Every structure is written in structure tokens, then in C-alpha cells.
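Presented below are the structures under discussion, each in the form of C-alpha cells.
Look at the two complexes coming up: chain A is in both, with chain B in one and chain C in the other.
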Partner chain A sequence: MHLSPTLRISLLFLVIAIAALFFADIAITTANPWRDLGRFFLGVATPDFFSTEGLATALLRTVAFAFVGVALGSACGFLLSLIYRFYPVRIFCAFIRAIHELFWALIFLQFFGFHPLTGVLAIAIPYSGIFAKVYSEILDEADPGPARLLPPGTGIISTFLYTRIPDCWVQLRTYTAYRLECGLRSSAILGFVGLPTLGFYLETSFSQGLYSQAGAMLILFYVLIATIPLWVKPKLLPVYILGAPFFLGDGMPIVWGNVARFFTQDIIPAPLRDGEGLTELGAWFSDLMLTEALPGIWNTLLLTQIALVATGILTLLAFPLISNHFGGPIRRTSGHVFLVIARSTPEYILAYILLQLWGPSMLPAVVALALHNGGIIGHLIGRQTNTIQLRPDAPTGYRRYSWELVPRVYRSFLAFLFYRWEIIMRETAILGILGIYTLGFYVDSAIQQIRFDRAMVLILITALLNIGIDILGRYIRRKLALQTMPTC
Partner chain B sequence: MAMSYIREILLSSLLALTSFAVSAQTFVFTAIPDEDETKLMERFQGIADYLQEELGVEVRYIPVKSYAAAVSAFRNNQVQLAWFGGLSGVQARSLVPGSQALAQGVEDVDFYTYFIAHKSTGLEASDTLPEGIRGKTFTFGSKGSTSGRVMPEHYIRQTFSEAPEDVFSRVGFSGNHTRTLRLVEAGTYEVGALNYAVWEKELENGNVNTDEVSVIWKTPAYPDYQWTIRGDVDARYGEGFTDKVRQALLNMDDPELLESFPRSGFIPTANENYEPIRSVAEQIGILD
Partner chain C sequence: MSGFELSGLTASFDGERVLGPLSLDVREGERVALVGKSGAGKSTLIKLIHDRVDGHASLVPQDLGLVNGLPVFHNVFMGQLDAHPAWYNTVTLVRPFRKDKEAVKSLLRELGMVDKFWTPAASLSGGQRQRVAVARAIYRNANLLLADEPISALDGPLAHLVMKALSQRFATSVIALHDVEIALAYATRIVGIQDGQIALDESSDRLSAADIMPLY
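Up next is the complex of A and B:
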């Protein structure tokens, strides 16, 4: 039987995910998951906007950290994109973006402590790596024509500013604005490790079962994201960017000695620090690999593969919700609301909520990853179907879905899915902090034991794993000739 | 375009210059987040006000999200005093030479861990750790907790000669003692281990559904919580500052403040008193 390459790869991933299910820990362990879920939705339905006095401040800080972090990341990313053709720069950028914002925050917390710089750098560093890559891709696609028409002797900078930038300006701007939305999500979750953003208060309310407070925070966060087009205007941008640094809050002063200590002592493997030999170092490393790294890698891979396929299935189910090719406006409006909520809620927060409600296992993580990522891809695919013109006599209902629309969007669906493969893995690793036994669990344990040497090795392994998946994902996309635009 | 980047570069230098408003003379302390945050804020805001009055310097409490964050803040000299658990205190003092355990609660000399179980397990109170907990689901408190992690793990290993992961069908870390109580009460985990003082306080306040959850074993006594101060505070806040802080803690007699811990009072202690915790933590492999 002949199968198309896209179908073959889909089936292969489906089989892997089903096999992974047999090894994964999927369970609802709470005695009364539905009662808690009911209480949560009741809380969201009866939000209490006035209980926490810090709520307004938290929102302000969330916005401030996002602006400063994204602005800094975009500036550095732009500079890096100019030299992105050099191989070491590519490697460097791939490396810094392979480490999740929360991991960066955990690292900076150890020596900057609760200084605003911790949060700013945690966003700016990985974002620089992403901006560098995407900006350089955009710049590469600029039309070389205008540059050839310039008189000889025109300076490189003038050429660049007057021929390349105008051609890419709209794309650069669109992408940067889009990243700002991602930055708001990143900024919010930094609160979970102690920075003064929304996550800080969300965690407090949730862990105490104060669902009306938590509901209020979530609603405000959705409103904040949904109204971005209203309050982020090009003319106001300089005001925001210059003003934001003043609203980061007063942290604790930086003690520079701590920075030196971190790099010269804390992260040096214990056997080397204590002057022991290579044998001890080998024993230390193999112990770390066997007891933490390997189980962590295994669980991270299992969860990633299950979540990837779950995301795919959810996307295929969700995109008709906002597609013009089906039914009435009520369905489309509620579809839009559902997808906006799904994609605006960071996976970390979704997973946190579901873990509280269902108890610890991989299930809440799978559902959270599928909802968030399925929300993003479903939205993009749904919009894409709206550009498709069907014949007037095209079939309707399920037939229209399966014979007309899915085949037409399947390639870009796969492209998005494989693009997000690496993003899903990065998130999977980080969800370990919440108690699922992925790499993040072991990183968090090492940090709780003040063993930063172990934590750094594990973060490094996580980064390498992400880079590996990124390369594999790109290889598959190239093999299948799938093209996509970047998402976050 | 170029302008916006110049602006952004300006911004980054601005960021570096912005000063952050903690005066050099503010005395800052923190505490391990072992209970619900609302309770911690209430308790330690009271302590901050009390200390400020007694010490004559500005005193500020900063909340943290993890035990390790409390230790790191202490180590990095961003806080000078901390209310630590047994293990976090040992970690902090070994990282900051010259720091000392100042005072402990009267109850902390002989502290206990309670093992609690959901009624569905059918487990009853007993004099030893019941064999019947094998195969159940189990939750510790925080990964860095003494009464919620170190000591219970020690007794589990001693009883079963196996690691907790091998004894139980599922092992989790709830995060803090209040959450351990709530999770076992709700049946999310069948068995859990927590700080006895938190249990007693919640029980007294009527916040425990005793039809759902009960204590099945009480560990032998061990030393726990203490106030630990950095060794360099005298140089920074003036000669005799350490003694002043110790005296202020020992003199604390406001029943409401003490009740919030809950402790009946504070007594002097010393670093050596926590040696047993160090050796247990080393045995179970969470301390080098």
C-alpha cells in the first residue's frame, strides 16, 4: 500500500505516542477531581478583584518585566542577527534559546537574588536567541534588487538601512509585537519562582484554594492580552519602553561577590572543587547521569511525544470552531473565546491548575500542553481555512471537514506541529518543577539541595536535548518540504 | 528604526543605573515558606514590626517561594536573619562562615513529624511506622524540609531498608505542611508526613476533618526550627547587634505573635545542637 510521506510520518508519531502511553504515568489521583474542578470554575465565575491589594501592582510588574525583557532581547537579537551567518553565533543563539526562561530565572536568582535584573535577563536572554534567528530569516528574504541599484561606494550601513530594512519593516514589526505577547506570558510565570509578577500571587491564591482570587487574576490577564492592540500603539511604545524600567519594583541590592562566587565555585563539580581526582569526578558524573539525568530524559521524552500527538489531535478538532466553512456566528465567537483562553494561558499555569485539581501524574501536563499548543495552532489553521475558496457545490459537514479542508491544510498543520515540537519539549522539561518527574524536577531538586553544580549539568543536558529535537524537527520539515512562520 | 534601537540601548544602561530602594541599613529577614503564604505574611509582618521597635533599625520581611530561595538570600547577604528549619539552617550556616543559630522555639528542642493517613487506607495509630503503608501513595512536604522530608525519609529508610520510591507506589512533594494536610485529607495521597505543630494548630482551629484523616505514627524527637543570623551583622549594624537581636527574640512574649508560629516562647540555641540533622541529611544523601 502506498502512503504519502506526510501520512507516514503522522502514523509513525502516533504509534510512538501510543507506545509512550504504556510507559507513562497517566492517572487522576485526587479523590474528588470534579468537585475541585467545579469549585475552580465557580471561582472563575465569581471573581474577586479586590481581595489582594497587590493585584494591580502585580499586573504592572508583569507588563514592566515583559517590556524591558522583550525590548532588550529584541535589541540584542537584532545585533546578533546581523552576524547570524557565522556558525559560532548560530550555535550560541541556539544554546541560549534552548534554556527556558524559568531556568534562566532560577540561575540568576542564585547570585542576583530578588533584583529586577533577574527577571529582565531571564526574559531577555532566551528572547535574544529567538529574535536573532527570526530576524535573520526575515532579513535574508529581503529583496536584493534595491541594493543593486544603489550607486557604487554607498556605505554598508546606508545600504542596509535604506534597502533591506524598508523591505522587511512590516514583518520585523509584526514579529516583535507578537513576541511582546509571549513576553507577557513569560513574565507572568516568573512569579512562580518568586519574582513579583502575576504568577507569584496566582500561586499563593491557588495553593490555598482561593479560587475567586485566582479567577480574578486569570481574567485580568486575559483582558490584558486580548486588549494588546488597544494599548500597545506605535506612538506610545517609546513611552512604555522608557517608563517600564521604573516599574520593575525595588528588589534587593546586587552583591557582586556573589556573582563571582557562583561562577568560580558553586557550579564547579563538587569533586573538582574539593580537589579530588578525575576518578571521583567520573563517579560523581555517572551517579548524576544514572540517578537523575537518564530518568529525567526518559520522562521528558515520553511526555513530549504524548503531548505532541495530543496537541495535533486537539488542533484538528479545534480549528473548525473558528472556520468560516461551518455553521453560525455563535459557534465561531465561542470558538474564538475558547482558543484565545487556551493560547493565552501559559502551559505552566495550565499545568499548575490541573495538577492542583487532578493530582500529580503526566496527565495534567499532557492536557495543559495540548490545550495551549492546540489553541495556538488551531487558531492559525482555522484562520488559514478562511482563505480557502470552496466550490459552491462542495460537500458540507463532516465530509467538508475531512475531504475538503483537512487535506488542504494538513501540510501547514504538520509544519506548525513540528515547529512547536522543540517548544513543547522545552516546556515539558520545565513542568518538572511542578512535581512531574521530567528533567525540571531534578533541576529543582538540585537547587533545593543547594547543589548548583548538579543543577547546571542537568540544565545543560536539557538544552542539548532541545537543540537535538530542534535539529530533528527542522530535518523532518525539510524532508517533507513544509514551510511555516515562527510561533512562540 | 535606528532610533528605536538607540533608545533601547539607552534603556539598558538606564536599567543598570536605576537604584533600588533598600537602604543599606535596613535589616532584612526571611523565613522558609513552610505554611500557607497568607499565614506567613501575617506572622512575619508582626515580627518585623516587633523587631523594628526593639532594635531601632528599619526591619523588613521578604517572602520567598522555596526553602532554597531562603537559604540563597541568606547566603547572598540579601537577608541577614532567617527563620530556618533544621536542614535549611544547617545548609545556610555551612555556606556562611561565622553565622550562628541564635534562638529556637521551646518546642524545637524536641520536635516531631506526624505520619498521617486517609481513612480509606484503614491504617490505625501505632507505636512503630506501620508496615501497611507499603505500596500506598505518599507525599512529603517541601524537598528541603526537615520535618516534612529529611526526618520522615530517614525513618522510612530505617524501617524498610529501602528508598521511599521503592516503598511507595507514588512519591510526591506537596510544597508545604498545610498542603500535605489538605492533600491527604482529600485523598490525593493516601499517606503523608508533616510538622506536628502545624497539624496541632490546624486541629485546634477546627481546620482538620478528622473523619477523613488521622495521625498514624509520631517519630522520635529531633531538633528543628531556629533563628539564624549572619556573622557580619555586628560590623554593619554596630557592636552588640547580634546580642540585641537574640535578646529581642528571647523577650518576645506577645501571645498573639507566639501563637502564630506556634511556639510558647524562644530559648537560646547553638550551632552544635543541629549536628543530628546534618548527619541524617548526609545519610540520606541530600547533603554532601
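Up next is the complex of A and C:
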């Protein structure tokens, strides 16, 4: 039987995910999951905006951390993008973006403590790596023609400013604005490790069962993100960027002794620190690999593959919701609302909520990852189908879906999916902090036990795993000749 | 340097020779019109000359080379980026100096485009874009003009306006032209290109349109 390469790769991933399901723990362990879910939705339906004065401060801090972090990341990323053609720079950027914001935050917390710098750097560092890559891709696309016409003797700065920047200005701006939205999500979840942003208050309300309070926070967060075009104006940007550092809060002062100790003692593998030999180091390392790293890698891979396929299935189910080729305006509007909520909620918050309701297993994580990523890709694919013109006598209903639309968008669907593969894995690892046995779980436990040497090795392994998946995803996309834009 | 003596000019595309080998000497004060069928090698010859004089010429390429994101003023100002330090050019990007604005404005007035001073190049029509590229070449103020079909998108009166402005500014020039009448009217020497070779090289006052037609 002849199968097209795209179909073959899809079936392969489907089979892997089904096999992974047999090894994965996907039980619902709470006694009354549906009642809790009902109470949560009731809370969202009856939001309480005035219960705590902390809410306004939390929102302000969330915005402030996002602005400072993204602005710093964008500036550093831009500088890095200018030298991105050098191989060591590429490796460096791949490495810093392979480590999730929350991992960075966990690292900085150990020596900066609850200082605003922790939150700012946790966003700025991985974002620098992402900005450097995408900016350099955008700048490479600029038309080289005008630069060749300049009089000989024109300086490189003038050449760059006149012929490269104006040509890509719109793309640079669009991408940076998109990243600002991501930055708001990142900033919100930093609260889960104790920084004074939205996640902190969300966790507090949830753990006390104050669902109306939690609902109010979520609603305000959606409003904040949905109204970005209204309150983020080019003219106001300098005001925001210069003003934001003053709204980060004071936190705790940095104890520089801790910083020195962290680098000179804490992260040195224990056997070396205690002056034991190389055999001890070998035993330490193999113990770490066998008891933590390998189980963590295994679970991370299982969850990633299941979540990837679940995302794909959800995308294919969800894109008709906003497609012009089906249904009426009412269905499409509610479809838009569903997809906006799905993609605006950080997967970490979704997973946290579902975990509270269903108990710890991989199921909440799979659903959270599928909802968030399916929301993003479903939105993009749905919008793409709206540009398709069908012949007047094209079939309707399911036949239109399966014969006319899916075949037309399937390649870009796969492109987006493989693009997000690495992102899904990065999130999967981090969800371990919530108690699922992925790499993040072992990182978090090691930190709780104040064994930073082990935590650092595990974070390093996570980063390498991400880089590996990124390379594999890019290889598959190139092999299948799948094109995608960076804003996804 | 305004004239040039070039020999051994050749160009290949995909391993197939499309131009030359040929030699071309242009003396100071000569206005050369390159004529010939499209695909004969005129554009290639213009590009080759531009390379061989190391960019020391005002160039109007066929694709114009405008920066779409910048307004007309900046696209013209780019002709003199080498005349100012980087800080001056950077400030100009945000807030141009009065004397540069005046200079560019009077040039655009001459080309009938002063109302488009701040219009982004992306939203100009084909003929307007062509005049911006011409204005940039004039503002560049090199001793030699190389232009590839600079009036292909302009109708009668505007075509003459541009050709007049170019002949006033540049004593020495090599311009590829489609329009034989215009070539005879503005050039001092006609060079006809056919199959990558020079098939005709004659002073323009000794030629008529009928002499050139066999090239097409």
C-alpha cells in the first residue's frame, strides 16, 4: 500500500503515542473530580474582583516583570542576532532558550532570593536566545539589493540602519509584540515559584478553595491579554519600558555571599566538593542517572509524545470552529472565544487547575498541553482555511472537511505541530514541578533537598533533550519540505 | 573618474555565456544609449560596468533597489550616506536636517514628486518609484551615470522630464533604453547589443531610427 510521507510520519507518531499510553499513568485519583470541576466553573462564572487587594498589585507586577524581561531580552537578543552567524553564538542561544523560564527562576532564586532580578532574568535570558534566532532569521530575509547601491565608503552602521532595518521593521515589531504576549504568560506563571505575580495569588486562592477569587484572576488575565492592542501603543512603549522597573516591587535584598557560595560550592558535584576521588564522582553520576535522570527522561518523552498527538487531534477538531466554511456567525464567535481562552491560558496554569481537580497523573498535563497548543495551532489553521476559495459545487459538512479542507491545510498543520514539538517538551519537563514525574519533578526535588549539584545536572540534561528534539523536529520539517513562519 | 576603458567583459548564466567577450570604452562627456531586444544582455552589461568601476557611479538598476519601508525622502538621501558620519545618518533617520530636506525637496520638485516627500516607497506607483530611484542617482552625484531602463514606466512628458534632468546632471552616462526615439534624442552615441555582442556602435547624429530597427 502506498502512503504519502506526511501520512506515514503522522501514523508513526500516532502509533508511538498509543504505545506510550500503555506506559503512562493517566488515572483520575481524586474522589470527586467532576464536582470539583463544577465548583471551579461556578467560581469562574461568579468572579469576585474585590476579595483581595493583592489582585491589582499582582496584575501590575505581572505586567511590570513582562515588560522589563521582554525589553531586556529583546535588546540582548537583537545584539546577539547581529553575530548569530557565528557557530558558538548559535550554540549559546540554543542552550539558553532550551531552559524554561521557571528553571531559570529556580536557579536564580537560590542565590538572588526573592529579588526582582530573579524574575527579570528568568524571562530575559531564555527570551534573548529566542529573539536572537528569530531576529536573525527576519534580518536575513531583507532585500540585499539596496545595500549594493549605496556609495562606496558608506559605514556599516548607516548601511544597516537604512537598508536592513526598514525592510524588516514590520516583522520585527509584530514578532516582538507577540513575544510580549508570551512574556505576560511567563510572568504570570513565575508566581508559582513565589514571585509576586499572578500565579502566586492564583495558587493561594486555589489551595484555599476560593474559586471565585481564582476565577476573577483568570478573567482579568484574559482581559489583559485580549486588550493588548488597546493599551500597548508604540507611543506609550517608552513610558512602559522606562516605568516598569519601578513597579517590580522590592523583594528581598541580594546576599552576595550566597551568590559566591552557589557558584563555588553548591553546584560543584558533591564528591568533588568533599575531595573524594573520580570513582566516587562516577558512582554519584551513575546514581543520579539511574534513579532520577533516566526515569525523568522516560516520563518526559512519554508525556511529550502523547501530548503532541493529542494537540494534533484537538487542532483538527477545533479549526472548523472558526472556519468560514462551516456553520454560522454564532458558532464561529463561540469558537473564537474558546480558542482565545485555550491559547491565552499558560499550559502551566491549565495543568495546575486540572491537577487540583483530578489529582496527580499525566492526564491533566496531557489535557493542558493539548488545550493550549491545540488552541494556538487551531487558530492559525482555522484562519488559513478562511483564505481558501472552494468551487461553488464543493461538498458540504463532513465531506467538505475531510476532502476539501484537511488535505489543503495538512502540510502547514504538520509544520506548526513539529515546530511546537520542542515547546511542548520544554513545558512537559517543567510540569514536573506540579508533581508529575517528568524531569522537572526531579529538578524540583533536588532543589528542595538543597542538592543543587544534582539539580544543575538535571537541568543540563533537560536542555540537551530539548536541543535534540529541536534538531529532530527541524530535520523532519526539512525532510517533508514543511514551511512555517516563526510566529507560532 | 568619469569615462572608462573596459575590456574582456563577459558574463555567463548557468554555464552558458550570455554576454561578451566585448570591450567598451566610454570617454568623458559621452552619453551612451544601449539599445537592443530584451534579453540581449543590456542589463548584464550595466551590472558588469557597475562592478568594474567598483560602484563609483550613480546607478538606476532595473529593479530600482528602493527600501520599501522608508519614505521617499530617505530613499533619495541614501545616495549620500557616505558623505556623513553614522550619527548624522542615524539622526536623519528619525529627524532629517533642514538643509538635506531642502536639497531633496528641490530635486523632487523638478521630477514632479514633491507631494510624495513622506510617502513610504511601498505605496508608490511604478512610475513614481522609478523617479525616486532616478532622484537617488542624481542626489548621489557621481561623475558617471549607469541606468537600466529608467523611464520604462513613464509616459511621454514625464519620460522627457526625467531624461532632461539626467542629461543636465551627468556629462557621462550609459543608459539602457527601449525607446529608440528617446535614445536618438538624448544620447551622443548609440551602442546596439545583439546576442551578447556589440552589433552597432555609432555616433547618434549619424543614425536614424531605421538604422537601429534591425536589432529588434
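FYI, the second predicted complex is superposed on the first by the 486 of 488 C-alpha atoms of A that agree within 3 Å, B and C clash if a C-alpha of one lies under 4 Å from a C-alpha of the other, contacts with A are read in each partner's own complex, and residues count from 1 in each chain.
Keep in mind that, in the parts below, a residue touches a chain if its C-beta (ideal position, glycine included) is under 8 Å from a C-beta of that chain, and two chains touch if they have at least 3 such contacts.
From a predicted model like this one, the values you see are computed outputs, not experimental measurements.
Following the overlay on chain A, a side-by-side fit with no clash is recorded for the pair chain B and chain C. Once chain A of one complex is fitted onto chain A of the other, the partner contacts of A:Leu230 are absent, as it touches neither chain B nor chain C.
Judged by the touch definition given at the top, the superposed model places A:Ile330 against neither chain B nor chain C. Once chain A of one complex is fitted onto chain A of the other, the partner contacts of A:Leu161 extend to both chain B and chain C.
In the superposed model, A:Val170 makes contact with chain C only, not with chain B.
Of the two partner chains placed by the overlay, only chain B lies in contact with A:Phe111; chain C stays clear of it. If you stand at the C-alpha centre of chain A, chain B and chain C are 150 degrees apart, rounded to the nearest 10. In the superposition on chain A, no contact is made by A:Leu278 with either chain B or chain C.
Contact comparison for chain A: of chain B and chain C, B touches the greater number of residues. For the pair chain B and chain C, the model built by superposing on chain A gives 8 Å as the shortest CA-CA distance. Chain A residues in contact with chain B (one complex) as well as with chain C (other complex) are 161, 165, 169. Across the complex, chain C meets chain A through its residues 54-56, 59, 61, 63, 65-70, 74, 78-86, 89-90, 93, 136, 140, 142. Across the interface of their complex, chain B is touched by residues 25, 29-32, 36, 68, 71-72, 74-75, 78, 109-111, 113-117, 120, 161, 165, 169, 192-194, 200, 203-204, 207-209, 237-238, 241-242, 245-246, 248, 250-253, 255, 258, 270, 359-360, 435, 444-445, 447-451 of chain A. Remark: chain B residues 1-2, 4-5, 7-9, 11-12, 14-15, 18, 20-22, 24, 28, 36-38, 62, 64-69, 71-73, 75-79, 91, 95, 118, 120, 137, 142-144, 170, 172-173, 175-176, 178-179, 182-183, 186-189, 286-288 touch chain A in the complex.
Per the touch definition, chain A reaches chain C in the complex via residues 143, 145-146, 148-155, 157-159, 161-163, 165-170.
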